[in-house]
Amino acid sequence: ETLKLGNVAELSGPGATVGNAWTDAINMGVDEINAAGGVLGMQLEIDTYDTQTDAQTSRALVQKAIDDGAFLILGTVYSSSTIVNMLVTMQQGIPQIVGSESPSITQKGNPYVFRSSFGAQKSMPKIAAYLDEGLGAKSVAVSWVNNEFGKGGHDAFVAEMEARGIEVVADVSSEVGQADFASDVTQLKSANADAIFVYLHEEESARLLKELRKQNVEAPIIGETTLLNQKVIELSEGAADGIMGHVGLTVDAPNPEIQAFAKRFSDRYGYKADHNAMKGYVAIYTAATAIERAGELDRQKVADTLHNMTITVEDVPNILLNVSWDETGEVSRESFLVEVQGDETIVKDMLPAN
Amino acid sequence: MSDFLQLIISGLSTGSIYALAAIGFTLLWQASQTINFAQGEFVMVPAFFILIGSRVLGLPFPIAIGFGLAVAVFTLGFVFKRLVIQPMLPHGHLPIVMATIALAILMRELVKEFYSAEAQTFPALFSEQTFDVFGAVISHQDIGNLAVSAVAIIALQLFLGRTRTGRSMQATAQNPGVAEILGVNVQRMVLYTFMINAALATLASVLISPIYLAKFSNGEPIGLVAFLAAIVGGFNQVRGALVGGLLIGVIDNLSAAYLSSEYRIAGPMILLIVIILLRPQGLLGTSEGRTV
Amino acid sequence: MKQLKILGLVAILAGLIIAPFTQATYGTYVLSSWLVFTVAAMGLNLTLGYAGQISLAQAAFMGIGAYSTALMTMAGLPWIASVVVGMGLCFVVGLILGYPALRVQNHFLAFVTLAFTTLAFLVMRNEEWLTGGIYGLVGVPRPSVAGLSLMDGTRYYFFTLGVFILASLSFWWLVNSPWGRAFKGLRENPIRANSLGVDTRLVTLLAFAIGAAYGGLSGALMAPLVQYIDPMSFTLIISLKILLMVVVGGSGYFFGPFLGAGLVIMLPEFLRFAEAYYLMIYAALVVFLMVVCPSGLLGLLSRGIAAIRSREPAERGDLKEGAQL
Amino acid sequence: MTETVLSIRNISKSFGGIHAVRDVSFDVYKGEVLGLIGPNGSGKSTLFNCVLGQLKPDAGGVTVTGQDVAGKRACELSKLGVGRTFQQLSVFPEMSVLDNLILAGQEHRGSMFSRLFGPSDAGLTEEADRMISFFRLGHLRDELAGSLSYGQQKLVDAAMAFMANPALVLLDEPAGGVNLTMLGHLKERLKTYNREHETTFVVIEHNMEFVMSLCTRIVVLAEGAIIAEGTPEEIRANQTVIDAYLGS
Amino acid sequence: MLQLKNLYGGYGKITILNGVEFEIPKGTITTVIGPNGAGKSTVFKAIFGLLNVHSGQILLEGRDVTGRTPKQMIGEGVTYVPQGRNVVPQLSVYHNLELGGITARDQSAVRARIEKVMDQFPMLREFRDRKAIELSGGQQKQLEVARALLLDPKLILIDEPSIGLSPNLVAEVFRTLQALRDDGVTILMVEQNAKAALAMSDFGIVLELGQTRMHDRADALLADPRVGQLFLGGHMEEA
């Protein structure tokens, strides 16, 4: 007997990099779970659906996955898609575990949506604390990407800055896929802020970092998860040296479970896992654990189980880090403060769950 | 003040890259009256041919460039013209527009599936060393790009206007029926056009990729901006592409800085509308003349 | 021949009525979105196929219709009122957008309309106070007809089908009236048309405005269908998708958009088996289709019919008549 | 021959350095058939285009039945009863011959609004069929106009100018490429219209037999200016015209 | 020089030519006349390789040239001036002329010949650097006729050169063609202006419904009452 799950992800379009890492990790997780005997004695079967990074398509595909009999939905990663397709799972009472970070997802009172990583409103306070207490910054310049992901992060960040009395002296938005950051950097530079906060996707982060170096910007550069992604470090060809920030999940964490995962992943797929892969991996283990704990194939019961659930590494090593969910589906767990030195990410500090 | 200067200078340097991608458009228009909506992808793909040459086949980089150029001219020039453009030429613009849009998707997907979904770094031809001019930073790369696009554009302009082959190409585009009865090998002229376009796209690719990184999804924004540049400069003048590219680069930077970064693309778009309404032939273009 | 056509139409209609009962929720949803996109494509077919004015703004008009509907119905106003406002707004904006077409044609016009789509997107995304910004508007209600709620997917499908049939009939009426001939005259030879008394200026503007109003109607149907709208649903890509529907189906043919929208929306369904490769196959198919039938599926069909017909009396009438010596 | 239908006053038009039309003035009276001849490039078509709103003259004015038509668009002139043909073939290639003719007449039937709700052929099929059979195009009625031979298209083109029952028709080389038999018919038609409806014609033509046998008065242009004006006989005998135009 | 044998052909599935047959001797002018839509232009297109020939043969100097491309026909020494307007709109007059000689090996000879035709048609020299599209209808036609003379052809196919040309220029064109004939060039022409055309021709052909109806010496056709009635403007005079 098999248990069908649907994975709705960005396999093509601008989000392809993200969606493919997420999907690869899920497939790896499924194989491991099945090898270990499956869930409730059933083998997992994953149907994967490509949203083309398009919100409307993702909505239709979530419906399709449900029609195809998916017990639970994994994905999507892009917030813009999740916001749309979570309406479908909500109406039909299907639990959904998403990789999106926009704060609004868990603020809409949807009882079936769960994250596998922080929403920006969870991570920004940690950044803010670091900016304020660690760097003693009085002013900050912000570069963010103007989509659902970036806007959510930006709004949460600016709110934190206000709360702490740090002045946002430059607020520069950019477009997804933007190639030229010269003007952005000129504006960031001329603001003369004590620090620059960057909230962009991977390639754009790399382009921005290169331009920041080209225009000799000296202020410390701070970021959240994506900025400290290995890919960014590699693509920016040295320009990432010295940047710092907060990451919710990183394969560089000095943590045996994470290291083991990273190795299995790169052995299997030939490229290095990133936080998107980790999100996918956590998502599939979360799903499996929740169903297992619910004890029967009842979607409502699984959703109820997931609310206020905690999974520890002792119980499920592949959950990577101890994690718990609140009643809105938001997660909390430990996270890391990291710095890039050369092309290495060094974990400087472990921040407690909030 | 130095901010303003920096914005202008960075705008010019990006603009020169836009110009390179835009020449292809003006060339295709002048020499075959076709519009290639996959032009951005034509600039994106050669970088991957070169990467295959250097990373997969292990060729030294300069030879890999030659390899990439040859593959691009063959596939994007010869094969594209024979299999896609040739059957559609007699049927007007629309089918070509649709087919090239689909082709753009196809090329993106092919690169993504068979090379990588990830962005790739790409070695630069010019050094990334910079120097200061009145507080604005300029890199050797900026100057190199500007010089290369200017040279390419002048060369092409001379070729189209001063050589018989160039004029046969123009005749083919403007009135293929007449060109045919005069003994111009129409199919060959169209083929030349597409091969030259592929070569130019490769050149643009080599210059763009170190800065923008090589990524399967890069074609879309590049293609769009190149198109804007071509229209603003004037479709029927190759050198219009340079002026258009530079102008778009500068306006884009200025509107991001002084208008609002959230509305930054509105700047070039409004410029486009204004130009089309006031000077439809583009800044340097000449009007197409008598209609009755 | 005529009877055959009517029979065909009745069969298709019957099929459309039975269809949702054979489909799961998803299938009905896909069918509904086919109807919705066909309405938008029909509008573009008027602007492009009949009047020869290329437009990449159809998605923006869908957006205007969808936002008006969402905002008004969420404020408690009836759907029908929002449709009137949405279509009216599109009509007016369409008139304005038609102005550039009086000066430029072809790719220039394509780019003016493209720029408009981009600007409309920027407004939808950036003016958060009105449009909900990048997050869009969630929870668009579905209307109820005569006290009957249409929350159920199948019911909403029938509602859409009804509106769709009305829209198709009026479109049929329009293109077969002298107006339709004037639109074609504009496409074929504007200078001559003008000298024959066709007010090409007015006709161009109307071609845009009416096409836009269909776009608005389509948006007004879409918002309650998806129950959520955001700016990303009205970008250039969507305009290109509608354009593809028109061209693949056969631009300038009445049934072109029906077929084209069906193909563009259904093809991904059939290609699902190809998984990661399906977009590739999809794109390759479109290229192939354009190469073998550049005038669209209906263009191919009508050429095929002409070929079969002319095979029987292999020559034209005029070659028998008029011997003068 | 008293009422002035068309009055051209001091029209000038130049393109870059070329003075295509220089200060041309003449009147056309109701019911006449005026020939406009002159060497190639003497500005005849340009003059037509200035009269009919396709070009904006640099100077001068045009009145139609006393009404100033400066700045009027071609469709407005058409509503005033002025029809024209173009020198270059100008049909609607992807429409049938019948539709070409109906389109040529429909804008003069009712209002824009009433046409939307009226019959789909604006009641013109019969009229168009008459025109088609007159020009012996019956077998081509449902063919696409673009697939006709040059001369056939020329006839369709001429037929279209009559569909709106215009009061004044300007014809730019109607005879070019038309077979002589048909040309005879065309001439008859012009004369009939002229007689029965008092339609006024201005005809540009290089076929001298046609012009001389059709026109009541002839204006000769050369290098943009009028060099002669008079009856066919006078023109035929005019040495300036012979030198500039007719040749020996 | 040129011989058509039982030629059938047309557009797509429609047959227009229904067994056209004629033969024209070297160094002569032959004029084809016939009603509108008879298939005159279609015959020219067939000869020049622009039309799908269903059956039959086209022989040039005894060699079968059926199904050749236009470029090959030019290689055989044949040039063609189609009906209607056929200039390259955005190129200058001079460059249009130059294109007429594009296939010639010896470009300096082409340039010399361009000078010669510009002497013959002074308008071309005056407007040398203007775009072709800006010329008047008749000026464009002059350009086309001049362009066909640049290759030193053996056979010229010329479709209604008189359309749009003023009477003195028609005479000039006819004189030029006669001079070419005297140099040994063969000319096949379509004309509606049958009287003048036959008067300067050696032979005449009447084409109707895609078939050769009459083929005779030009003076014989001129004298034929049936031809006179239909093609020479019999009732032009009576008006």
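A, B, C, D and E label the chains in the order they appear, each numbered from 1.
Following the convention adopted for this analysis, a residue touches a chain if its C-beta (ideal position, glycine included) is under 8 Å from a C-beta of that chain, and two chains touch if they have at least 3 such contacts.
As the structure is a prediction and not an experimental result, all values here were calculated from the model.
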Following contacts chain by chain, what is the lowest number of steps it takes to reach chain D starting at chain C?
1
Those chains which touch chain E and also touch chain C
B, D
Distance-wise, how many Å sit between the C-alpha centres of chain B and chain E, to the nearest whole number?
43
Provide the C-alpha centroid distance between chain B and chain C, rounded to the nearest whole angstrom.
32
When the C-alpha atoms of chain D and chain E are each averaged to a single point, how far apart are the two points in Å?
28
If you average the CA atoms of chain A and of chain E, how far apart do the two points sit, in angstrom?
75
Chain B, residues touching no fewer than two other chains
109, 262, 265, 291-292
Mind pulling the residue numbers of chain D that touch at least two other chains?
45, 54, 86, 88, 140, 181
Residues in chain E with touches to at least two other chains are numbered 35, 37, 134, 230
Interface residues, chain B side, partner chain C - complex:
35, 83-84, 87-88, 91-99, 101-106, 109-110, 113, 227-228, 231, 235, 262-263, 265-266, 269-270, 272-273, 276-277, 280, 291-292
Sites on chain E touched by chain B in the complex:
48, 50, 70-71, 74-75, 80, 82, 86-91, 95, 98-100, 102-103, 107, 131, 133-134, 147
Under the touch definition given earlier, write down the residues of chain C that touch chain A in their complex.
24-27, 29-30, 33, 125, 133-136, 138, 226-228, 230, 232-233, 237, 272, 275-276, 278-279
Hey, which residues of chain D end up touching chain E in the complex?
15, 38-41, 45-46, 87-89, 140, 147-152, 154-155, 173, 176-184, 187, 206-210, 213-214, 245-248
For chain A, which residues count as touching chain C in their complex?
11-12, 48-50, 52, 54-56, 59-60, 63-64, 66-67, 80, 83-84, 87, 104, 108, 146-148, 151
